[in-house]
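Heads up, the next two complexes both have subunit A, just with different partners, subunit B and then subunit C.
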Partner chain A sequence: MLPFDFEYYRPQSLQEAVDLFQSLQRQGKQSMIFSGGTELLTLGRIDLAFTEAVIDIKDIPECNSLQVNEQRLLLGSALSLTKIEEANVFPLLTKISSGIADHTAREKITLGGNICARIFYREIVLPFLLADSQVLLSGPLGERIVSIHDVFQEELRVEPGEMLIQLAMESKYIRAPFYAFKRRQQWETGYPLITIAALKIDQRIRIAISGLCPFPFRSQEIEASINHKGRTIEARIDGALAVLPQPILADVEGSAEYRLFVLHNLLFDVLAALDQVQG
Partner chain B sequence: MTGQTKGRGTLKSFTISLTINGEEKMVPVMASDTLLFVIRHHLGLTGAKPSCLNGDCGACTVHIDGRPMKSCLMLAVEAAGKKVTTIEGLQGTPIQQAFIEKFAFQCGYCTPGFIMNCQALVEKHPDADDQTIKEWLSSNICRCTSYAEIEEAVKSVLKKK
Partner chain C sequence: MEVIGKSVIRKDALDKVTGRAKYTHDFQSIPMLSGKMVISPYGHAKIVSIDTTDAWEIPGVRAILAGEHFPLTGEAIRDRPPLAVDKVRYHGEAVALVVADTPRIAKKAADLIRIQYELLPVVNSPTQAFQKDATLVHEHLGEYKKEEDSTPVPNSNIANHIKIRKGNMDQGWAKSTTVVEASFSFSPSDHVAMEPRCARAEIKHDGNIIIMTSSQAPFMVKRLIADYFGEEIGKIVVHTPYVGGGYGGKAPVQLEILAYLASKAVGGKPVEILNTREEDLISSPCHIGLDATVRLGADQNGKFHAAEISYWWDGGAYSDKAIDVTRSGAADCTGPYQIEHVWCDSYCMYTNHTYASPYRGFSHSELSFVIERTIDMLAQKLNIDPLEIRDINAIRPGNRTPTRVLLNRSNVGNLPKCIERVKELIRWDKGAILEVNPRFVRVKGVSTSWKTSTIDTDAPSGAILTFNRDGSINLMSGVIEIGTGTKTILAQILAERLKIDLDKIHVKMEVDTQTTPEHWKTVASRGTFMAGRAVLKAADDVIKQLKNIAAIVLRAPVEDLEVADSRVFLRDEPYTGVPFTDICYGYKYPNGESIGGQIIGRGNYILRNLTHMDQETGAGKPGPEWSVAAYAVEVEFDRRDYTYQILQACSVVDLGKVLNEKTALGQVMGAMNMGLAFAGRETFFYDELGRVMNPQLRTYRPLRYGEHPKYLVGFVETPQLDGPYGARGVGELGLMGMPGALGNALSLAAGVNLNNLPLTPELIWKAKGGSQ
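Presenting the complex of A and B:
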């Protein structure tokens, strides 16, 4: 039971959800998109989240799409992580997804909810950053399709009332060679010390990371150094470590120094797995 | 309630239809009630256990349409129109028998949650390999550390299947 009451709405269409948001706004009520709902349920219980109304988007058909064909993969934001894993349409995505929380919790956690979550790991975004995905957003100003790089900078930055509806990528990415590893402080479930995801496409390695900084990211500078062929592997990794975004996290999971040590080794693993591979 | 076809009521409180252990019930709930709270306090089914209330421990695991769910991570109103099974709805199943035979519990507090998860596992993956078993069992915590016996219980049921 949460320590406050709220109104609950379950729109059946995108338009209904957008209208609801606007109507609640006109009434001066604070509202929240509710996908898996785990953020409100876990943070609300300890007074770290509050809302006057929730808009549960799980019945909106577009948010439940899962389509794969020769050209592209398209995923709805309300798909649970276990549904995505069972479909196993993009092995790198399956791998990253299956490291998040635990199997039963992933029955509830959704793709869009993890990308938009306040808790900053947002690990599921990593494959989408690597695959230069497109995102479909819908809000009071209408629908728009944009590159994930235009709207995801540390977190999803959208207009008030705008919802993440779908993500799509070209199918060439789902077949590309990849490497992914989630290093935890201990045990085999829970938040990461560092999660790294890498993919090789057009003979270049792409890298995205969660758990190193207080946001997930993909960095052109790191990739430039890692792909600098004329240099030794050690020099390429040192070059990457010199251009990391800041700050480096130092918390109960590990100190900044330890994280950098772990990242150094993970970059070796990425190169060992992908450097000589055709991709 | 806009768009909500499976429940009736005001915006903050509803009467929802739940099929609980095979029986259809109309249940009054507040939007902010978790499914765990409603199962225990409105329906009097105390098998699902409150523990971390944060989705970590799995003691409150039930089935929603045959899939495992931590009932502290779900609002009761989200379960409207769905089939909910609690430990009270499992009777004389092979996994319950195997827990007894393999001594797969000590204090027993986590046992209902574990059994619900294990039951969903053996139903969904009758050929589960070690990796799948480990992945599913990692969803629940046993403070008495009966993990080896629980794994044995699952494997004994899978073997019989």
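Presenting the complex of A and C:
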């Protein structure tokens, strides 16, 4: 039960959505782009989320695209995680997706919703960071396509009124060798203690991580150390551990020291899986 | 036997699988106001001010209760204000209560109540509470009204102290060539019943108080509300429909009191209070935590001679049921072992945690972890096989319990036989350790447990049987159908005794305290035992009445008659008889004259010869019989990451007699599932302000489907002569040995003593030296 009322809009086109947002803004109404609604419902009922209006984008055709061909993979932001898993167009993405929440929740959780989530794990973004994806945004000033690295730093940073419409990547990433693992506090349910995603492309290993810090990230420094040929595996891992972003999380899932221990072993597994393969 | 032992389908099955079963919150036929609690965000704080001005501005608010001195409540010690006054003692404690037209209005208004707190030092563990200069949770402990056998120590945090003094410790230590000593600790956690607690109350114009509640103890609700508030007990009627799991958490009386006060504040209108999941986790009573130290001595053959045990139970902010848990933990403090010399101090400690309630096993799963880990340490030191040392010391007929009850073949189950069966099921002959490769190892750990139910010595149960015109029978018992299928088993017991078809028995699922005979509480695995005995007595009563009237109709002496297949007939001429339909509402002669009348069967049961425990030595008979069980858990352990998977879990329970195999299996496996979650993952994390850091199912995680291991369940049948058809309680045993067995397996696998719960990979990593 949500303790507040909100206006609900379900635009049928991108333009309608953008107009709506502007009109709500002019009326001074706090509004929220919404698709699956899981965060608004679960955080709203405990007073951690509030909105006066929602713009539900799930009927906008562009937000529901799912295209794959020789050149690229393109995914709409309103696709549910289970849809992405069922299509299974990018095995690494499928693997990361299937570790998020539970199947019932993933029927509702969307690609864009998870990337823009308040709950900071945002694990679904990891494969897109690894694949140097392009992001299609739409806002009052029109559409723009930018590199994910330009707009996703810890979280999606876009202009007011801008919506995440689609993500795209070159198809070569889909076929690249990868390794992914989600370590939880215990067993098979729960948030990540650390989720690691790695792939190898152009003879280099790329690594993105969620759960280590209060944001997901991909780090050039870590990758530089991990790919430092000629050094021992142990030295490459130690080098990576020395250049981690801060702060390291310490919470009910685990202490900071323990997370580093887990990360150490996961980096070892990444190297064991990818160091010797051609990619 | 025709019905007993069969896996008949539960009488509540169709309702539940079709989603039509109704729980307390599902009855929405009458307009109902909603109550919403405002809860404390801190573990320990002075309430400086409560401002309800803005909340009153919301249209639809009917009453706001806050800051008022209501009578103190609490079962053994009256230490708990229904709503906190002056100070809050735990995170989640109800401070104010809004009554409004709808749940939304109530929540809106509750959010607008502004409470100013001033933080107080927090008592964050029972060990800390026990220190001499500890902050006091209750400054006026000496002034509370209390039951005679509770022993709070004024100016301390000790709510109760139970002593066991058996044998002579000096002699015990003299015989012990090997001694181990260890300390243990784990935080409170929760029951996480599927149905959050819900209570509603209405006070009618004639003064009748109608309550509906998801409770394990509706008869207690009636008694306590009468007691606390001076209401006439006969005017209180408590209804309990299906209850969606309780595990002890719904035995305390809490929301019922708030609903009653709320209704009173709005002129008696019906008010409902439904816990959110978060409130259910931290505001309502939780699963008790424990700190403990054990010293255990044995001779070189592995025979135990002495045990010195200290338990500091984390009773939380209010003593309530924790007093009884503390007592029960003392009564069976050693686990199911013959130890001649025993010294135990069991303390119920006040802390700034959610107050505790019983948890499936009632202190026995908690103490079992402590004892079973100690025994493995001792076995290791003596280089004796862990199952063998348990077999050597297993409690047997002729032994005496810590409270000195002499055991015989009936009042204790056969533990050596359970151990034997576990050995076979887990393939103990293949060894406890199997190296998969240098990184992975498969390891088995074992444990045992026992339990007696230390319930009130005068706890009653009753049953009433009435007939329908077609000769079928209505069965009414005060047992709550809480998911265990007990009411189906009662029907089986009745069908067996009357030798009639099970379909001819209609079970009343809902309990209402006005027309249902009292069953003390649906706790302590006493449903089948006590209500079963009452049903048998009621069945005999019915048989007697049927025979009396049939004797007249058939012109035969009563002793020549038999009852079966819904008729009464001559033993030597079975075709001469009279069907129930002709006599259950009186017999009518062809000319219209009638004799007899409606047959109503009644039966009751009360446990016999139970006594209080002696204040100085603990001597006494706290429970009727001791059930026993043996367990094993097999894990695959990753020596690099300290992670593990539970491959198999095994329980062998002596349940006296299998009454319904499928429900018994369901009970044992469900309990094992809970036990493994408690052992491996479930706990509350507290910060320095005593706040629960994981008060949501996002971060508090019971076992989910798919995470469970393979379950191996075995039954041993050593009849308890008093039990219905020899049956013993079974609902709790599957759980109790899981923490010990898992702890033993992982300690062996990791090569380090793991004496805390939950057994997470991080805990093992820390025990192994962590980042050092």
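Simple rule for what comes next: the second predicted complex is superposed on the first by the 279 of 279 C-alpha atoms of A that agree within 3 Å, B and C clash if a C-alpha of one lies under 4 Å from a C-alpha of the other, contacts with A are read in each partner's own complex, and residues count from 1 in each chain.
Convention: a contact is a pair of C-beta atoms (placed from the backbone, for glycine too) under 8 Å apart; a residue touches a chain by one contact, two chains touch by 3 or more.
Since the model is a prediction, treat every value here as computed from it, not as a measurement.
Legend: residue contacts after superposition of the two complexes on their common chain; A:47 is shown touching subunit C, with no touch to subunit B. Of the two partner chains placed around the shared chain by superposition, neither subunit B nor subunit C is touched by A:180.
Looking at the shared chain after the overlay, A:56 reaches subunit B, while subunit C stays out of its contact range. In the superposition on chain A, contact of A:188 is made with both subunit B and subunit C.
After overlaying the two complexes on the shared chain, residue contacts for A:105 are found with subunit B alone; subunit C is out of touch.
Within the superposed three-chain arrangement, the count of touched residues of subunit A is higher for B, of the candidates subunit B and subunit C.
Within the superposed three-chain model, A:16 lies in touch with subunit B and out of touch with subunit C [touch as defined at top]. Touch criterion not met for A:158: it reaches neither subunit B nor subunit C. Judged by the touch definition given at the top, the superposed model places A:6 against subunit B, while subunit C stays out of reach. Legend: residue contacts after superposition of the two complexes on their common chain; A:207 is shown touching neither subunit B nor subunit C. According to the touch criterion, the shared surface of subunit A, contacted by subunit B in one complex and subunit C in the other, consists of residues 1, 4, 45, 102, 188-189.
Within the complex formed with subunit A, the subunit C residues making contact are 103-104, 107-108, 111, 276, 278, 640-641, 643, 645, 680-681, 685, 693-694, 696, 698-699, 701, 703-704, 706-707, 758, 760-762, 765-766, 770-771.
On the side of subunit A, the complex with subunit C involves touching residues 1, 3-4, 45-47, 102, 183, 185-191, 251-255, 257-258, 260-262, 265. The touching residues of subunit A, counted against subunit B in their complex, run 1-2, 4-13, 16, 20, 36-38, 41-42, 45, 53-54, 56, 58-59, 82, 98, 101-105, 107-108, 188-189. Residue ranges of subunit B in contact with subunit A, taken from their complex: 1-5, 11-12, 14, 30-34, 37, 53-55, 58, 61, 64, 67-70, 72-75, 77-78, 117, 134-136, 138-140.
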